[in-house]
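Before I ask anything, here is the structure I am working with.
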């Protein structure tokens, strides 16, 4: 089982909302950035995997601690929690590399499906992509709330 | 059991991403708007419930159909799926009021916790708020994917 | 000279930043919405004018008063300040329809150029579009600061 | 006259709009980031200058070339174009450090005013801040379009 892949994701001052914390919706934006940055390394020869069709089918996210803007990026641990014929799931932990003690801001999972936009239909995950993903498979995400 | 509360939520052209569809993260933004608009009616005498401390603890969202910008708002059905001592959960269906047939763009659930920002600690849900919520209690959200 | 065209533009709670006011950058987002909504009426037979190629070449905006989120939309007065061979300029006033007295949040101007994305070159403004624009020509924008 | 101060500003994939380019409004968001990052260095002992009250009074921006998302940041040259009793103006050039030839995406100017939020009134620029700004004074911004 692989170590999680770590992506540095910069914050923006505008990620904060009127409460003065990074807005809960923006956490998902940070995860999008983590995927975009990370997939370039995971699939170096296959930009098509991303550009020609991958769609988000679901997100689950639990918020653990408030986050305020700082110039230093947050760290996102990202790994594969499931691979199936037409897509795969990712797990994430959003962490603070500079902090000691409990520095987990959120844990999350995203379902992704390959899609053929031109043909408007799902695509199969090709063997080369399955292989690339296999290097990043890890444990299921540990959510606090069971069930969904 | 109450009928779902329906909120008209306007889209913005900028909700679309480079794929030409409303971005998956922006769906959560639409749900935020639905809460802000809806809670003013649900808690007319209690703006403090919102302004002085309610935090999102989790989101689960499943995407069902792509959505493209149009000037007409989408409809968000919003109801209460659980009430507990320190918060409550909301269920949503994002729908197209103008469409016939399957017009569900997403189903989702949000966990909310009352929080005393000044005292930096959770707050109890007061009886008046429990009563207001009781009028909006409905079925659990029907997700396609069981468990997580 | 025509009366300004008036567009109702809804705010979002997330337009506010950590200072608790609608963020200065989001005002430009509101103007984008005003154009998208307004142009559908200005050019009912010519969606191509918008979809196939119009680019923003410049913005000038002066902020006059802070704006906080409310469920009611703001009003954007929008009119044409200049028409030339390859594009046109728009003037705007962002106002509060419900307010008495000085209720101007911002005044602004946007330069727009027609562009042929497929051919990667500027396009000429066609006679029908010039005619549609002529109905909306108004005064120059009155900025406080002369020159730039 | 000082060399421009250079800030690396990361892009986000979501900065692109449905046309597949970084949206014109998002350029202003990049400039906001440049200010937030840069001011921490310009005013190391005076975070209050920023946190307790500085408001944007105007923006002028001219777009020079389309920008598409890439993982490398853009470079923003930032300098002071004017200092007055209650605020100052900044000039910017948004550039591509990796490009040869014409790699200017935009030039812009922002008016900033010091503001006492608690007292709801303008503030005077203190001598220490004037001094910090003096180190960054440069030429006026060269816009293509004269006047505004």
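Chains: A, B, C and D, in written order; residue numbering restarts at 1 for each.
Rule of thumb we're sticking to: contacts are C-beta pairs under 8 Å (C-beta built on N, C-alpha and C of every residue); 3 or more make two chains touch, one makes a residue touch a chain.
The chain list, named the UniProt way, goes like this: A, B, C, D = Acyl-CoA thioesterase.
Only a predicted model underlies this, so the values are computations on that prediction, with no experimental measurement involved.
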Relative to chain B, largest Cα-centroid distance belongs to chain D
Where are there more C-beta contacts: C-D or A-C?
C-D
Calculate how many whole Å lie between the centre of chain A and the centre of chain C, each centre taken as the average of the chain's C-alpha atoms.
36
Could you grab the centroid distance between chain B and chain C? Build each centroid from C-alpha atoms only and quote it in angstrom.
31
If you average the CA atoms of chain C and of chain D, how many Å lie between those two points?
23
Residue numbers in chain B touching 2 or more other chains?
13-14, 25, 29, 32, 69
Once you draw an edge for every pair of touching chains, what topology comes out, line, ring, star, complete or other?
complete
Residues of chain D defined as touching chain C within the complex
19, 24-25, 28-29, 32, 55-63, 66, 109, 111, 117, 141, 143, 145, 147-148
Which residues, counting only chain B, touch chain C once they are in their complex?
10, 12-14, 29, 32-33, 36-37, 40, 69, 71
Over in the complex, which chain D residues touch chain B? Could you list them?
13-14, 16-18, 20, 23, 25, 69
